[in-house]
Amino acid sequence: MPDTTLLEVFPAPACDGGPIVIEHVSDEFTSLCPKTGHPDFGSVTLRYQPAPGGVCVELKSLKLYYQSFRSEGIFYEAVTSTIRDHLVELMKPTWLQIITDWKGRGGIRSLIRAEHGEVPPEWRGR
Amino acid sequence: MPDTTLLEVFPAPACDGGPIVIEHVSDEFTSLCPKTGHPDFGSVTLRYQPAPGGVCVELKSLKLYYQSFRSEGIFYEAVTSTIRDHLVELMKPTWLQIITDWKGRGGIRSLIRAEHGEVPPEWRGR
Amino acid sequence: MPDTTLLEVFPAPACDGGPIVIEHVSDEFTSLCPKTGHPDFGSVTLRYQPAPGGVCVELKSLKLYYQSFRSEGIFYEAVTSTIRDHLVELMKPTWLQIITDWKGRGGIRSLIRAEHGEVPPEWRGR
Amino acid sequence: MPDTTLLEVFPAPACDGGPIVIEHVSDEFTSLCPKTGHPDFGSVTLRYQPAPGGVCVELKSLKLYYQSFRSEGIFYEAVTSTIRDHLVELMKPTWLQIITDWKGRGGIRSLIRAEHGEVPPEWRGR
Amino acid sequence: MPDTTLLEVFPAPACDGGPIVIEHVSDEFTSLCPKTGHPDFGSVTLRYQPAPGGVCVELKSLKLYYQSFRSEGIFYEAVTSTIRDHLVELMKPTWLQIITDWKGRGGIRSLIRAEHGEVPPEWRGR
Amino acid sequence: MPDTTLLEVFPAPACDGGPIVIEHVSDEFTSLCPKTGHPDFGSVTLRYQPAPGGVCVELKSLKLYYQSFRSEGIFYEAVTSTIRDHLVELMKPTWLQIITDWKGRGGIRSLIRAEHGEVPPEWRGR
Amino acid sequence: MPDTTLLEVFPAPACDGGPIVIEHVSDEFTSLCPKTGHPDFGSVTLRYQPAPGGVCVELKSLKLYYQSFRSEGIFYEAVTSTIRDHLVELMKPTWLQIITDWKGRGGIRSLIRAEHGEVPPEWRGR
Amino acid sequence: MPDTTLLEVFPAPACDGGPIVIEHVSDEFTSLCPKTGHPDFGSVTLRYQPAPGGVCVELKSLKLYYQSFRSEGIFYEAVTSTIRDHLVELMKPTWLQIITDWKGRGGIRSLIRAEHGEVPPEWRGR
Amino acid sequence: MPDTTLLEVFPAPACDGGPIVIEHVSDEFTSLCPKTGHPDFGSVTLRYQPAPGGVCVELKSLKLYYQSFRSEGIFYEAVTSTIRDHLVELMKPTWLQIITDWKGRGGIRSLIRAEHGEVPPEWRGR
Amino acid sequence: MPDTTLLEVFPAPACDGGPIVIEHVSDEFTSLCPKTGHPDFGSVTLRYQPAPGGVCVELKSLKLYYQSFRSEGIFYEAVTSTIRDHLVELMKPTWLQIITDWKGRGGIRSLIRAEHGEVPPEWRGR
């Protein structure tokens, strides 16, 4: 089961010098199709701007959190909004995006994008 | 014949956390040229934002719907606007795009793009 | 000589559902350099939005029209604006772009872009 | 020495039909590092919109002009602004961009961009 | 230790002709993970517009400065904001961006972006 | 049904000057899965050396022959050996290869290779 | 646990016309590291020539067999030789290769190749 | 009409130091389909080893010779063997290959390879 | 200093089923130039066949061994032959190859290849 | 003028452990066309096996030697055989290859390959 207790944070670097945008791309995400039980494979892109005085998610803890979906039967759309919701709750960032990019099923590849907050125009539509 | 009875929907994930954009890319679309009867081959990209409290098209049903064009004599432009119209009627999404990308005929590749609703600027021109 | 009598049109699909953008890319364009008589090779991209109740250029007739430049001595810039002017006169579209992309001469590749009408920002600079 | 007498122009095509944007990319530019005397290699992209009733630079003369930097000791930044200034003076275009893209030195690749006039947003940041 | 005394500047070319944007991409950056002591590898992109009458960082001095991180235990985020702060202090540019792109750790690639000043929209989100 | 009556030949060019090897690659092959009825998509590569004084398959007739598999329920392996057998019977070439390359099913891509005659070592294992 | 009871076969096509070589590439293989318990991700390529009058592995059963490694703690080398041994026992092919290609761990990508029988020279070293 | 009088030669460099292999790749070849009159587009690769004390074809003359096919109605196979025969007669090389690679017609790309003399194994099958 | 005490081995899988070839590619190798002290960056490919009843190098220990070159002043050729000699002594494999691929210096990229034992022809020249 | 006095050597690593093959690829070679005086641009690949107890060419001296062709009017074939002869005389290697790869002139790219000694089959035809 997706396990948010695995997630850890650390203080974001002081943003006096201007905002920082952070992106982590995992090419090794797998969960199970809730209808057939077959594994789904995809990549997950997390992009966010930490809140002033806020926190960043620790990289290894993020990896372990993603691994906790391995035996979960869950739709593409729910993977995407669940990760979004968990990480927003964890970090309360200025804005955040989750993009999941799934290997083809029946000849159809899928990308799902979920956002939180005021994503600046230059990051939208990616 | 394009068969809309094949299409199924499921409730979109709650969008309290912010909007979701969904994209399905099929590289295995084929129909027939209405003039020559020869097969046309292309890819079809569907991109949309479900309406609040709305629905999503189910992936396998979408594949079967696309397959129902296999013996249809139909122009590129009509494929594109027909799929757009069918899926808009089915899902009544906030916005929706259909992009068809056809393999070359006579040395000319073609892309046709149809839209519905207020497509945000970051998704236009893709 | 560029022969506009080769060009044929058909009625654009009804645009009640929203606008349609059409793109045809020919990788097999050739004309002659008017100074040296040597052949030039390039690709021609046509992108346009049919006027409401307007027409579309028929694909095979477009190919024949492009072939009519084969023995023409004409500069890159003139190829581009000539095709633009001919197709605008033919279709009277809402907007239209012609982009020619020429193989290198003397180590220099060239791209020429001509437009007509109010090309939406997402299509400019392509 | 950069030799502007090599540059020739010809009248831009009439722009009644709408503006034209012209781009020439040379992958074969070389000059000398003014500090070490070692050769630098790069590409030069020229992009501009001729003024109404204005002129275009002739392609072969542009090639010869670029070749006149071959024995010149000159910094990346100066190459870029020098070419910009010379071509602006020559053509007095509506707007113009020069982008130089240099092969790595000490593991660092460099791109320098110089502009003149009101470059439309779709061409900026390229 | 990151050593700013290595950095040298030279006067920016006169910007009467219009602004200049400079980009240096180093694919050979390495530092140490402060938790495990293992080496991290990545690329660093510096992009900036010199202030009018301002200065540019000298390329070889930039390379030596980057090399001074080789034995430093430092997080991705801190590398990025440290380089930003040092170069802003050095050059006081109109605007500046630092983008670090790190090779995968535990199957996750990371990109960190820091900015200073009013970065024009065409450079944001790169 | 695969229809060999569609196939036409023409005399191979005289091979006094040395052997000729001919390759035709079709990226637009489709048949049906005999178990599920779903369409399969792939490419078919034909490579052969005409017999001395022999014949070549005519290109357009080959295209029509491939199209005759469109409604056929047939396994990958049988497509490959059937085409091999039909073309060997038609042309009696010195040697011949058929390579079919199928889009993924269930996350698995497949390539099937069938040969006839003494395929020279440089063409084997392709 | 790797479950060979999932594997099914069907008769190979008659090879009177000459040998057939079959290749199946799965990009969606995952198992667990036996030391750390962390998931490993890779692709598995199976290449073989069925014995005369022999059998082929059925594609869907192969997929299910691969999925049975999902919760198995097993080294790269053992995955490779285990699959080789299981499929050799199942099909008794003329020859067979297994190539596993693993995503990076600690900055190191790995490929393991195992063979059975007299693999022809054109297939070795792939 | 293919015009061999355009071809010029120059003495091959002395081969005391060991053999030389020369390759010229033209991406700008066009001729006409003898059945339909439509233009064909392709690339032509010439690879050869000059005979000891022999000659090389001059590059510009080769370009003009290729251009002389521009208005010729001729099949792919005949283009290939004609060029082979003409250049063998011209240069009498130790060995020679001609490979023509044609843009798709009806969804089928074609490559034709003709050889003369004892082409070493490392150059065959290219 | 290159530290062979970091290297660990484990027993190779039984090779009754036929030989196994193992390849590890590290894209994160760095050492120092012995003349200038500047860092060098490259990739190291290890490919080998374990001796019957022999051993394999453990992946994490290999990574630590490679890291021990980080502060070593050593030429490309010596890196390559040193790693070859150390790993041959450690594993006494049937055969072994080391290929180092170095990022450009002064515009020149370098690859160095060292071998041990009877490398089969299919692996040579890689 | 090509200046062999620039070339320096150092002793090859002891080859008790087996042969070493060295490759240096320069993407920044330029000379002049002896007919037109225009610059030619290409890459030069040097590949060789040092003789037992022999020498290697020093990398920086090789770069300076290549730079000495900058103002030389010389044909592609002569560049290739001249470099071959100079480096063979300098190093007396077991075998050596020079491959020059030239940017297009008149739409034709050229590759010239010269060899010395018994080049093993795995390196021929590269």
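Order as written gives the chain letters A, B, C, D, E, F, G, H, I and J; numbering starts at 1 within each chain.
Heads up, the rule we're going with is that a residue touches a chain if its C-beta (ideal position, glycine included) is under 8 Å from a C-beta of that chain, and two chains touch if they have at least 3 such contacts.
Everything numeric here is computed off the predicted structure, so don't read it as measured data.
**Student:** Kindly list the shared contact partners of chain F and chain J, in label order.
**Tutor:** Output, common partners of chain F and chain J: H.
**Student:** Could you pull out the chain whose C-alpha mean position is farthest off from that of chain D?
**Tutor:** Most remote chain from chain D, centroid-wise, comes out as G.
**Student:** Quick one: report the Å distance separating chain A from chain F, using the average Cα coordinate of each chain.
**Tutor:** Comparing mean C-alpha positions, chain F is 46 Å from chain A.
**Student:** Mind checking the centre-to-centre distance between chain B and chain J? Centres are C-alpha means, answer in whole Å.
**Tutor:** So the centroids are 55 Å from each other.
**Student:** Between chain A and chain G, tell me the centre distance in angstrom, where each centre is the average of that chain's C-alpha atoms.
**Tutor:** Computed value for the inter-centroid distance: 33 Å.
**Student:** Averaging only over C-alpha atoms, locate the centres of chain H and chain J and give their separation in whole Å.
**Tutor:** 27
**Student:** Would you pick out the residues of chain B that each touch at least 2 other chains?
**Tutor:** If we look for residues of chain B contacting two or more partner chains, we find 27-28, 38, 41, 103-104, 106-107, 121, 126.
**Student:** For chain F, which residues are in contact with chain B within the complex?
**Tutor:** 27-28, 30, 38-39, 41, 67, 70, 103
**Student:** Under the stated contact criterion, what part of chain F meets chain A in this complex?
**Tutor:** Chain F reaches chain A through residues 38, 41, 103-104, 106-107.
**Student:** Any idea which chain I residues touch chain G in the complex?
**Tutor:** Those residues of chain I that touch chain G are 12-14, 17-28, 56, 59-60, 62-63, 120-123, 126.
**Student:** Report the residues of chain E in contact with chain A in the complex, numbered from low to high.
**Tutor:** Within the complex, chain E touches chain A at residues 75, 77-78, 80-81, 84-85, 88, 104-117, 121, 124-126.
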